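The two complexes that follow have subunit A in common; it is paired with subunit B in the first and with subunit C in the second.
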Partner chain A sequence: MKIKMKLNKYFLLVAFSLVAVFTVSAQDDVDPRRKQAIDSLALEKVKDLSKYISIIGDKKTQFSEAQRVMDRAEELFADDSEMGVSSLSREEITYYKVREYFERLMALNYDKVTIKWYDIHYISDLEKQPDGTYVGVITIYQRFEGTSDDGLSYKDTTKKDITIYVKKKETQIAGRTIEFWDVLLGDVRVTETSA
Partner chain B sequence: MKSNKLKFYTLNGVLLLALVVGFSSCKNKKKMSDISDPNTVGQQIEEELEETEEEIPEERVAVKEPTKSERLENYFQAIAQASSTASANSSISEALTMFSNPNAPVLIVIYRGSGNPDYDEPTTIKKYLEYLKDTKNNKAVVEEMVLDDYGKIKELVLKK
Partner chain C sequence: MRILAILSLTILCFHTSVGQGLTDEMKDTEEKLYASTKQINQFLRRFNGEEDEEGNRYYSGDKKYRDDGLRKKYLPVLFDKETGYISETVAKDFIKEVTDKRNPEFLDLHDKEMFAEVSAIFTYKGKETSALLYMKMQQQGLGYEWVIDDVAFDPFKKLYKKDTSEAKRFMHPMSHELGFMTLRKALQNEKYPEQFTPREYQPDYLTLFLFELKAGNLKFKTVKNVKFHFFTIDNWYFELSNFNRPGYNTGWLISNLTKLEGNQKQMMKDYIYDKN
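What follows is the complex of A and B.
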């Protein structure tokens, strides 16, 4: 009788432990549809950046508009993030803080500049890190064309990898606590440059 | 002699009175005939009714007033599809009049599961309208609006 009671006790203990483990595991896993929404959100931020870069580089954009768009574009990045710049005429890649990159882009000595990003996709899915941040890498291809009225012209295509950080954060809106997914872009590294 | 003169004046007076009565009677008869002719009256009524019907057709057409959210979504579309920066800015200024202030918070739901909704980073209406102008990315629809005492939007929830 005593042995039976002890066995029951152990059975209950094991059962409770299993339930606890499954509960923690379930909390840790994100619903696949939610994960898909977060993936799309991060991808959308990169597409937004591509639009901002086109506007900043466009010589027809007014100075005040370019400054405002630079502010919006800078907000997409984590602090101290850098942007890689390459050229067909040199081997090395130069890295600039994003704000400096935008200002150099706006000041390029061409009469017409067009920048288009395409084939934007994940090369490394968002993975949860021990601190709760999701980290992934998105690749883009950038077509740059700069032409001057005096005939000067430069064109290239670069492949760039952008590190993405996604973390759940909280903020107060009208006295309520709102949880949101904060997407930040990290360094943009040049991996290929071609004509 | 005196009685003859009196008779003459009396006769003149009677004749004058008869003329006045006769004339006014003719005029009234004409007026009466104008009004009392049933064919003419019917025709006049029909003409008046036709004129009235021709004047008010626009008032009778039921025009559906766009709701506040439809008006706002129309502005979103106009800003995202604007052909120039000036045109987009003009639509932004008009859209902002629907809000209590340009810093009214905007929440964007990216996913709604069984629990609390998942949001993108909250923004303000001014920044959101400028986002539409810059990116042309108009995927979000109005899900909820919180109005102030003056009927202006003080908080907006969108859904992607």
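What follows is the complex of A and C.
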């Protein structure tokens, strides 16, 4: 049921992006109104990622459900995407494949894990890369709290700078080729903040 | 300070409606995160007066786009105020100059006078060593890309110690008559063969760096720190660094500011590129 609702939501978003297509493709740069439409689409994917991370991290989530959610979360990303993680005590970045990052999150040794998200997102401009794909970065902030049964707890706030790729794609609808803009997530830089 | 308070108050007013479900501690943190300059993109937009207090973009044609009042409000909060490296008078002069109504100055990510300095860790011949990579943006294909413009790497620098004194070793000026048999003495078992090169010879560390990467002697490990250098505004240099610390004066902020005169621009660039 959940998956069906999600598919419906994506269908609506794709339809929404279809409307955005025609003006965008007519010119080289993304015009402000279309940029807002693309931002909404990208933000929707980032929100899905946030939700999936909360579920994967939650100790109440069954193993099989967590695996399914990891699959869904991985689908949001472009191939070879990585998470680059650093902390206040370790400024060097450690690099993980997206799946590996999720698996490590699931395996954290706490009895209770709460992941909340600040109501902050910052969306950069879109820059065109050499192959014509647009690239941007969305910044969000996560609050993590892990507690063990023996009363030990750990809290941190992490900044997540998430790459978004915006690419023009084509699909066939009723024999007609329709162009639309698709958003995929890419590398994510995870930094612990002192805030 | 008053501007910081006004900006914080404005942010507070804006966001009383959001953050529901968050603890008081988180709400407090959230206000600070809103004030933080979260991306280089946000630094550029705030510098140029191209976004509102919530981070929503103003576009060319919007009433507030690059508004003088907005810029005067934002610019003072774009400086690092905690380490004390920037004189308040110099900062005021800078703000006055970039917001001058007759000739306002704006920043652009693609400006050739802006570059990044990346401090990275490599293993060189099995030993962990840091290097500075100087990155610049270049136009390529349908868009842009970041490329490595130069590198500063201590093992290379130590390798080249060119003696330019009158006492330096040389190949005598009649070597040609001997079929340059003097080369054997010059190059065999010689630690610094660069003394037999022209006066103007400068080693190209980037080529060496690429060679060592290709040869497998140098392996990338991780990035430690990033900062940006701006020479985009005439007669000024400023450095942009990321400050990850408690409070409102955080994120990407101007960490160094200098008025440049005469040939100081080139001197400063040489200094940054470790060419002195």
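To be clear about the criterion, the second predicted complex is superposed on the first by the 138 of 195 C-alpha atoms of A that agree within 3 Å, B and C clash if a C-alpha of one lies under 4 Å from a C-alpha of the other, contacts with A are read in each partner's own complex, and residues count from 1 in each chain.
Heads up, the rule we're going with is that a residue touches a chain if its C-beta (ideal position, glycine included) is under 8 Å from a C-beta of that chain, and two chains touch if they have at least 3 such contacts.
None of the values given here were measured: they were computed from a predicted structure.
If you stack the two complexes on chain A, which partner ends up touching A:Lys51: first (subunit B), second (subunit C), both, or neither?
In the superposition, A:Lys51 contacts subunit B only.
Scan A:Val183 for contacts with subunit B and subunit C and give back first, second, both or neither.
After superposing on A, A:Val183 lies in contact with subunit B but is clear of subunit C.
Taking the superposition as given, does A:Val69 touch the first partner, subunit B, the second, subunit C, both, or neither?
After superposing on A, A:Val69 lies in contact with subunit B but is clear of subunit C.
Per the contact definition in the header, classify A:Lys59: touching subunit B only (first), subunit C only (second), both, or neither.
Neither partner.
Once the shared chain is lined up, is A:Arg104 touching subunit B (first), subunit C (second), both, or neither of them?
In the superposed model, A:Arg104 contacts neither subunit B nor subunit C.
Would you please give the residues of subunit A that touch subunit B in one complex and also touch subunit C in the other complex?
In the superposed arrangement, which is not itself an observed complex, subunit A uses no residue for both subunit B and subunit C.
Which of the residues in subunit A end up touching subunit B in this complex?
Residue positions touching the partner: 31, 33-34, 37-38, 40-41, 44, 47-48, 51-52, 55, 62, 65, 68-69, 72, 169, 171, 173-174, 178-183.
In their complex, what parts of subunit C are in touch with subunit A?
15, 18-22, 26, 29-30, 32-34, 36, 38-39, 41-42, 55, 57, 59, 109, 121, 140-145, 221-225, 244-246, 250
Show me the residue ranges of subunit A that touch subunit C in the complex, using the header's touch definition.
Against subunit C, the touching part of subunit A is residues 32, 35, 84, 88, 91-95, 116, 118-120, 122-125, 127-132, 137, 139, 141, 143, 157, 159, 161, 191, 193-195.
Can you list the subunit B residues touching subunit A in their complex?
Those in contact with subunit A are residues 85, 105, 107, 110-111, 113, 116, 118-122, 127, 130-131, 134-137, 146, 154-155.
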